[in-house]
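Two complexes are shown next, each including chain A; its partner changes from chain B in the first to chain C in the second.
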Partner chain A sequence: MIALAASIAALVALAAVPLFLTDYGLGLMIGMAGYVTLASAWALFSGQTRYISLATVAFYGIGAYTVAVLNETIAYPLVLACAGLVGAGLALVVGLSTLRLSGIYFVIFTFGLAELVRQLITWYEVNVTGTLGRYIFLDITAREIYWQLLALGTFTIGLTAWILRHRLGLALKVIGDDETVAAHAGIDLARTKLIAFTLSATIITLCGAISSPRWTYVEPIIVFNPNVSFLAVIMALLGGANRLWGPAAGAVPLFLLFEWLSVNFPDTYPIILGLMFIAVVFLLPDGVLGGLARLRQRGKAAA
Partner chain B sequence: MVGRPCGNAAVRAFASGPRPLGVPMPNTQAKRDPIMTIIILGLVLGGTYALLALGLTIQYGIARIMNLAYGEMTLVAAFVLVFVFRLTGLPPLVSILLVAPAAYGVGWLLYTVMMRPLVARAGTQGKLEVDSILATFGLLFVIQGLLLLVFGSDFTSVSFLEQGVEILGVSVAVNRLVALAICAAAGGGLAIVLARTRWGLVMRAAALTPASAPLVGIDVNRVARQAFALGTALAAVGGTSVAMYQTFSATDGVVFTMKALVIVIMGGVGNVAGALVAGFGLGLIETFVATVIDPGLTLAATFALFLAVLLWRPEGLFGRRA
Partner chain C sequence: MSILEIHEATRIFGGLTAVNKVSFAMEAGEILGLLGPNGSGKTTLLNLLSGALAPSAGRIVIGRRDMTGRKPNIIARQGVARTFQLVRILPSLTLEENVIVSAVFGRNRHDKEAARRIARAALRDAGLEGMETCSAGDLTYLDQKRLELARALAAEPDILLMDEWLAGLNPTELHEAVALVRALSGRGMTIIMVEHIMEAVRALCPRSIVMNAGTLIADGPTANVLNDRHVVAAYLGEADDA
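After this line comes the complex of A and B, so read on.
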């Protein structure tokens, strides 16, 4: 009860923040809210099942591109709904063709997916519409984008909390621990994985759609930046991918670090981030929150 | 649409931004017989793919490391070849003899420093798979970052043996034939060694049953290290052959890895002959798509093939059903 009250108070405070910030500060908050959402949505499926999805930016970019295509023809809420549907549709295609098989096929499929979608859109734009690059003219302020992302992030974490306490979450956990055991326990493996993956991918697509007006000009090479996939994974892993607050705990410091690095070391930051990624995999297999929990347990055992 | 003027395809590929892999260069495309052209150019491309897939299938099948940085290792070799060629004028064929052992050493070191601790820590194959995927995904960004830092993001190529020769009425650049010969020698030689020698037997035993291989005195750790290093060397040789006849850029790694992975799945994991056949198959299909339909759709063709295999025979075209 106290935790819930504290969460609501924190949410109200976060929602009020843009009223006191400069444009730069608001930009940082938007980026942070976006990455908290992306990392949490990624972990909703991959953190629990240990099926590593490397396609975050495929869905994120599709969301942004849907907005770019539709923003001048239909109303904004409908644009978002379309983006969500496109993302969910693609997730179903990927999921139905790979999630019935072993995990490695899923990883491989998602590994090349962003590049595939990028090449297909490029091909379509060049050959069919004859232009490359689109403009997004939407009457949406930065504050409104921030509030939408905050709402989506809250929804994602809330949904994760709800799922973790219900049959679906328990089923996902068992699948992550041992798939054979899960099958013997009567869990419908393919269906469970498909539901969670589609939910996760749809949220990621919406996140891309909501963030897209910040760009104004959109081109495949801009919206399908592989760094987004990379960052979502490392953020979730750093905090602890199978914990409710892990991805958020990893996203905030890493986003700030990423901002600082990309300004101060524009040429070398991918290398630094890659090395950090490897370090996280080696040193913090359960994430910071997992490591803290283990320390606390050890402390209790010693006392 | 058969026989669309070759210049058109090349211009369109250029116009659509980053040029997809496997686009035949205009000067090597025949005007007379499009089908023969597709077959010959497809076989050349397929040779490179087969070699790349062979290295990956050895790394995944024997060393049990799913290496997502594989394409980046290929690119490093390609860049080194171009760099050495421009700097010293050392013939590419000599460079390969230096690059391959160097890559073996790098692979050996990478396995010892980076992969071995993961293998030691992982209790199960599933855990190792997840850890190796994540670790090599990080490695991918490190290598890509280094490549971008050192060589920039422009497309690179060398002009080496570009004159054409006539084969069955098709004019083919000599560099492509040299690349094919290198791939055939490296890939074919390795396939024979794996099938016929005692060392090959040890490799195959470790691939088949890693748990019981130690019972007959096989040091699985050593075999895995050798396999990973060998895979890296094959990636490097594949990269040098790519550098001889294609333009490439520092961000092409994902596409190389993806194609090699799809071939490995098609051939059946750990299946050397399967990887070779599937590699040539993908080369042919891709060249067909690039010439007849559109060069911008080659990755789409790879994915379509992957989907077909997943839906039809997920154990690989040549694998036995479980």
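After this line comes the complex of A and C, so read on.
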């Protein structure tokens, strides 16, 4: 009860923040809200099942591209609905064809998927429509983008909380620990993974769609930037990908850190990103929150 | 009426026929010893029964339903549960969660409350009472084995497959474990035990079957089977190799 009241108060405060910020500050808040959403949505599937997906930017970029294609033809809410449907449809196809892959094969496939989607769109734009870049003319303010991302992020964390308390969450956790045991206990592996993957990918697509008006001008190379996929993984893993608040806890500081790095060390930034990816995957598989929980437990045991 | 019928079940790995045209049937409530030297195909046969592997040929009928080549989750819903030779637990979950899984997703799809009740009873049966909230990753090897059995029991199976579940127990523990298996059998469960501990097989299994190099070489009352010329030769052959 107190937790709920505190959450609502925090949410109201977060919603009110843009009223007091400069444009630069608001830009940072948008970035943070976006990455909290991306990392949490990524963790909804990958954090529980431990299938590391690098397809985040494939869906994110598709969301942005859907807006770029449709923004002048239909109303904004419909554009978002279309983006969600396209993302969900692609997630179903990709899920059906890849969720049998295990371990590193899944990682590589999802990474390739983002490249494939980018190349396909580039090819299509160059050869069929003859326009590589597109403009997004939408009457949406930065504040509105922030509020939408805040709502989507809240929805994502709320949905994760709900899932973790229900059968689906238990099934995902068991799959993450041991698929053979999961199947022998009666869990339908394909169905469970497909549902979670599709939910996660649809949210990621919507996140891309909502964020896209910030760009004004989009091009495949801009919206399908693989750094987005790596960032989502690092943030979620650093915070603790199988914990409700882990991805958010990782996303906020890391977004600020990377923002600072990309401004001050634009050349070494990709190297730092790569090193962090490796460090987090190897050193902190449970994330900082997981490590803290272990320490607490040890403290209790010692006491 | 047979609860389990296996017709010429075969499994080939590359050029190796690990299970070769094995046929047998079991009546409900029977407890069967599945014996044979190392590498003779016992675990592979259990894998065919539980759906972990699909047979290359042959037919598997469980409770009158043809389950040949079905996925493990479907076969589990048909009332089959198992333990694994190389113990498999869910290390990041608590003991209770480990066991609740098969009550929640198994044949009876229990809701949370009922599943918790069943899980606690199963943990008690397996000798893990009072450890519900421990993390499974911290268990000793022996307790991991108990946990696996509890998980199998919480599925409320008709047929229980145990792959060397008694291996590694000391004499006192073995005595307790034998009593536990006997009690399960007394509840009407049909049990297949892969086992190398002959003392336990003699005590528990009125009937045994023996595999050698993938083929079924004996099927009958345990005492007769253990004295069978071919069976003795198979085990001696293994001793020669060693």
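As a convention for this text, the second predicted complex is superposed on the first by the 297 of 303 C-alpha atoms of A that agree within 3 Å, B and C clash if a C-alpha of one lies under 4 Å from a C-alpha of the other, contacts with A are read in each partner's own complex, and residues count from 1 in each chain.
By our rule, a contact is a pair of C-beta atoms (placed from the backbone, for glycine too) under 8 Å apart; a residue touches a chain by one contact, two chains touch by 3 or more.
Nothing here was measured: the structure is a model prediction, and the numbers come from that model.
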Partner chain in contact with A:171 - chain B first, chain C second, else both or neither: second
Which of chain B and chain C A:185 touches, first, second, both or neither: second
First, second, both or neither for A:155, with chain B first and chain C second: neither
Which of chain B and chain C A:101 touches, first, second, both or neither: first
Residues of chain A contacting chain B in one complex and chain C in the other: none
Residues of chain A touching chain B in the complex: 50, 52, 54, 97-98, 101, 103-105, 107-109, 111-112, 115-116, 119-120, 122-123, 126-127, 132, 179, 220-221, 226, 230, 233-234, 237, 267-271, 273-278, 280-282, 285
Chain C partner contacts - residues on chain A that touch it in the complex: 167, 170-171, 173-174, 176-178, 180-189, 242
Of all residues in chain C, those that touch chain A in their complex: 50-52, 71-73, 76-77, 81-82, 84, 88-93, 97, 100-102, 104-107, 151, 155
Residue numbers on chain B that touch chain A, as the complex places them: 12, 15-17, 20, 66, 68, 114, 117-118, 121, 126, 129-131, 133-135, 137-146, 148-149, 254-255, 257-258, 261-262, 265, 294, 296-297, 299-300, 302-303, 306-307, 310-311, 314
